[in-house]
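Step one of this worksheet: look at the structure below.
Lettered A, B, C and D in written order, each chain numbered from 1.
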Amino acid sequence: MLRVSIVGATGYSGVELAKILLYHPEVELVDLVSKNYVGQKFSDVYPAFRGKLDVVCKELDTDELAQNSDLVFIALPTGPAQAIASELVGNGVRVVDLGADFRLDSIEDYEKWYGKEYEAESLLEEAEYNIPEIHKKNLRNVNLVANPGCYPTSVLLALAPIMDKQIVDTTGIIIDSKSGVSGAGRGLAIGSHFCEQNENFKAYKIASHRHTPEIEQELSKLCGQDVLVSFTPHLLPVKRGILSTIYLDLIEKVDAEELRQIYREYYAEAEFVQILDEGELPEIKNVVGSNACHLNLFLDERVGRLIVVSVIDNLVKGAAGQAVQNMNIMCGFDEGLGLSGFGTGV
Amino acid sequence: MLRVSIVGATGYSGVELAKILLYHPEVELVDLVSKNYVGQKFSDVYPAFRGKLDVVCKELDTDELAQNSDLVFIALPTGPAQAIASELVGNGVRVVDLGADFRLDSIEDYEKWYGKEYEAESLLEEAEYNIPEIHKKNLRNVNLVANPGCYPTSVLLALAPIMDKQIVDTTGIIIDSKSGVSGAGRGLAIGSHFCEQNENFKAYKIASHRHTPEIEQELSKLCGQDVLVSFTPHLLPVKRGILSTIYLDLIEKVDAEELRQIYREYYAEAEFVQILDEGELPEIKNVVGSNACHLNLFLDERVGRLIVVSVIDNLVKGAAGQAVQNMNIMCGFDEGLGLSGFGTGV
Amino acid sequence: MLRVSIVGATGYSGVELAKILLYHPEVELVDLVSKNYVGQKFSDVYPAFRGKLDVVCKELDTDELAQNSDLVFIALPTGPAQAIASELVGNGVRVVDLGADFRLDSIEDYEKWYGKEYEAESLLEEAEYNIPEIHKKNLRNVNLVANPGCYPTSVLLALAPIMDKQIVDTTGIIIDSKSGVSGAGRGLAIGSHFCEQNENFKAYKIASHRHTPEIEQELSKLCGQDVLVSFTPHLLPVKRGILSTIYLDLIEKVDAEELRQIYREYYAEAEFVQILDEGELPEIKNVVGSNACHLNLFLDERVGRLIVVSVIDNLVKGAAGQAVQNMNIMCGFDEGLGLSGFGTGV
Amino acid sequence: MLRVSIVGATGYSGVELAKILLYHPEVELVDLVSKNYVGQKFSDVYPAFRGKLDVVCKELDTDELAQNSDLVFIALPTGPAQAIASELVGNGVRVVDLGADFRLDSIEDYEKWYGKEYEAESLLEEAEYNIPEIHKKNLRNVNLVANPGCYPTSVLLALAPIMDKQIVDTTGIIIDSKSGVSGAGRGLAIGSHFCEQNENFKAYKIASHRHTPEIEQELSKLCGQDVLVSFTPHLLPVKRGILSTIYLDLIEKVDAEELRQIYREYYAEAEFVQILDEGELPEIKNVVGSNACHLNLFLDERVGRLIVVSVIDNLVKGAAGQAVQNMNIMCGFDEGLGLSGFGTGV
């Protein structure tokens, strides 16, 4: 059994990790680290785990973690993961970081978009960014995985199959994304206050969201040239889910069925990605609680544009689920092991 | 592998059954019967099942069902299950009925509360009503289980431990229950229209809800005398969940800790029932998606009353989950097999 | 024009007051006091007021307030209103307090339920508690009105007509109330965090809510004997609205139509109270945004009990609307002036 | 007093009209026509109107309507308004049509996008399409106003000030709109069923929504050349509100403050349009219940694009409110008369 711990266990990604790992057949869940709930039972913070996971939350102690764990998930706000991952990897523990600290190749970009100094330069080169269905990296000997961001996952899965196909203009991509409130985390803020966000909807961080450089970095790699995008996130009055509507100018006339075929082939082996039938609408409810991505293509021949719509659960495929998928790959388990959970949509 | 089919597979209880049975290790899911979607793929009706359960929905044909299935779940509105169950049981197929057709011992009560003639009198005697944590019936040789109603399950689990203890006045019980909209089913109705029910709340069927005689029948058996209750259901603007707040007059002064001990002992072996810690509040979100019941006791010594609060997921412990639990008992499987799914509350 | 100010203008009751007073034909809205937003435009805090109320929020300065205002609404958490009201009334300014500081006659009760020392004893005797439809007090010479609490308003309007009629047992009243989240105010708390409260429902402060003594005090006055009640508040996943379901044991057999007639007569002159038709269900959506109270009676002859259901908007009839209604009475305006606003329910 | 009637009074636009007109100081509300509720009290269908508007709904009788009314609002699904408006205008009654039957200049477009034959050709020329803040038409002698669609209103208000300024490329406009469920009307449909749409989000009618030609027609007029757009509507799990996020390629480098100045000047006299401060986010909650449009500009210099975000209440500025605004103009009343209602956002 793989001994696994979670740093940041009581945040929304952390608790989702706990849920998935609890019944993972190859994992023994060891330490749950939570700054705010040291000494409290995990099931007192999340009573849904009562009778299932009643362990007590611990303070961060990387030495102890390293001793108890073969692999550690870090699910913290950006920043502290740099030092924690450095210590853990230095002590021979493998790490999957769910934050943004190891996603950007360019330290300059990191410091510009995240507004803080970068302090883990040496470790950064070891880190592997991996959406399994796209990058298909062999992680057996990798010690640090930079788990992709939620918005980037929804966008990259939608665009990967055509970025190098010379079908669409990769220089003018517009991404209009909508996320549930859990994406903003468990920290109290007026924008996440029930009466301020229920029956509401807004765009936020327009032209300035930190996932923009991550999206651009990966799209650029996929098409082999520098790509800039317009990325506009919005806040939905739902708990979970991201829907991205992506607009692409067609370079040439293209056949809808051929396009679909390109996507179907690209994801032929990908159990978690579903290309919907022609005209079928991706809906957030159909992926909530699961590691699935549903996507579909809409060709607007009248205006010469392709519209791709994708949906994921931001806490699963956009965070904890994909992190476990990466853990499975690191450890040689079946890629989808422990990830069969899903909701009915009701 | 047990060959299992569902009649009424595209209703809200039906789809929940499909979800649970899909990964049940001892079950092979065979026929999905749905009047409204004959010939359509189940995953077209519920795209969350895409890639998981793409079988085509069938018309009802009890002969074919009997041939293909060892056990059939019937998840239909009250009425038609009487004939269907009769045919299936007559053909040697075991049945779990999620509707109300075999729950009431008294045909008179059935006809009075449901307003239709009863037509399965001979089969009624064979039917066993079973909340496993309370009735603990041995179902190995039973061919027809009457799965308890959602409201009654939330009430009976809350009251069973004290009904025969001479602690509370069993003649003046008041039950104030609140349910999510899925309890009203998938049939279109103005009361389930989004704009009419979001940001809304109301009581309904006050003093006239059909679950009243079921609750009274079972409470009466538990305490050995005839019990009448006030039962008021309300409609919450949530998809799932039932919370029942139950008021009981104390016959004598009672110690809070003793009371808790009675409950803890009663449910000592019950993995799905959690007695919360003193002062801890049962919340719907903590049981949504799981077969759990959370409950707690609040002693109001100032007014001499005991308040019991319970929560369940109306579609799981209140329907499909408990039905599978009963199937497990009928077949000699572990009682909780296939029922470990749960949500985090987020 | 009456010069009116609000202390606590950016809280949820405060902003509702601002909305009502903005178009009140006899009122000039003068100072908006808000501790947290001193120096900021009110319409920056609540952009819905943009172009309508762009004044800057002020720090509390009772001398300045007294100079600028004829009447001040205090909409603060319990406590500070005692000193503020004392200074204002002492300076000849009339006050409507929306908090709990002047509602309880008994200082002992205040100190027991609110857990703090009471410091405005001399002023307390001047304060008048007034639900206009019930107490019908002449407030022309009153300088301090204790505006009733939200839950008590929903309960007292439901029960006032029969408390002294010897029809129901006034010693065993059970009140099961459900409120929207705005009742918990704008202060950040995990219980009001969107992801913790959406799709959720729970009871809270069972047998211990501070509105209990207020309800009991007023019910006792209405029936002329000491009344104790069971009062259980619950938190609904909606912004606004309170529904109270109240259970009363009948002393004698009673005719439903006679009962309705008692209510109709009691509220014959009350424009804001609607007795619904027989069988019609009070729904929160029908009173949201208005000063109305809808209520109905349900006689359960089977068990000898009367069930009264009432709905109000906790921020309007339960706070700001009733406060303006009281202001109108204090000033000799038409009681309903400025209070014709309502929502359609959609 | 202007005698006014509503055809389609119990639909969601109809009831909003009723609410606004009820307190309009120059209007006497006469007949409420509703096919589905003939003979029932309006306040039985919408109990929020209890004690305010208890009149009985009538069957459609254009002769009677013409006799009783000076002006009629038609709030029906597309189609029947053609005949009804023809009869009414023929009988000397003025009409505001809230549907799509008189919005498109081109009958060919109508028949292509709406899929039915057009039958009111002669009347079409008389019809005036009017967003008062943009078209500023003098309607004193106009007998038929085609009230703009909800999505088009949100888009045109956002774009009108720059369409002819040679600042943005008017040939590549992308419009990503999100609407509350009330936009789909009161007709029962699985997509508006509470359990199917709560906690959900989806795009729909991608590249095929019927408001597309209306948007293109008006944008073309504004810039003096043929404009095609990508228009993608989405369905939000809220009752009301539309937010449109609009992407425009800049033709040349432009100064943010100059841009804002263009908008401020364009709307200098427009009381219902608010240009927010730099960086301030339009939010649906801030316009719900009001006739306001909030909009803001976001210049993304990095990618050379302008993003305009607008919000309206689809039932008010997107339907009933704008219709009353047009009525006011037709009748020489103050343009904003009766339209001061708004919500606080809570």
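The rule is short, and it goes like this: a contact is a pair of C-beta atoms (placed from the backbone, for glycine too) under 8 Å apart; a residue touches a chain by one contact, two chains touch by 3 or more.
The shown structure was predicted, so the numbers you read here are calculated from the model rather than taken from an experiment.
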Exercise for the section: Quick one: point me to the chain whose Cα centre is farthest from that of subunit B. Expected result: D
Fill in the blank from the handout: The pair out of A-C and C-D sharing more C-beta contacts is C-D
Completion exercise
Distance in whole angstrom between the CA centres of subunit A and subunit C is 46
Handout entry: Centre-of-Cα separation between subunit C and subunit B, whole angstrom
Key = 39
Practice task
State, to the nearest whole Å, the distance from the C-alpha centre of subunit C to the C-alpha centre of subunit D.
Solution key: 36
Handout entry: Residues of subunit B whose C-beta touches two or more other chains
Key = 12, 182, 195, 198-199, 237-240, 283, 285, 345-346
Problem - Of all residues in subunit C, those that touch subunit D in their complex - result: 12, 15-16, 18-19, 23, 44, 46-52, 182, 198-199, 239-240, 271, 274, 276-277, 280, 283, 285-287, 289-290, 292, 294, 315, 340-346
Completion exercise
Seen from subunit B, its contact residues with subunit C in the complex are 172, 174, 176, 178, 195-196, 199-204, 206-207, 228-230, 232, 234, 236-241, 243, 245, 247, 249, 281-285, 288, 298-300, 302-303, 305, 307, 309, 345-346
Completion exercise
As the complex stands, subunit D meets subunit B at residues 12, 181-182, 186, 188-190, 192-195, 197-199, 237-239
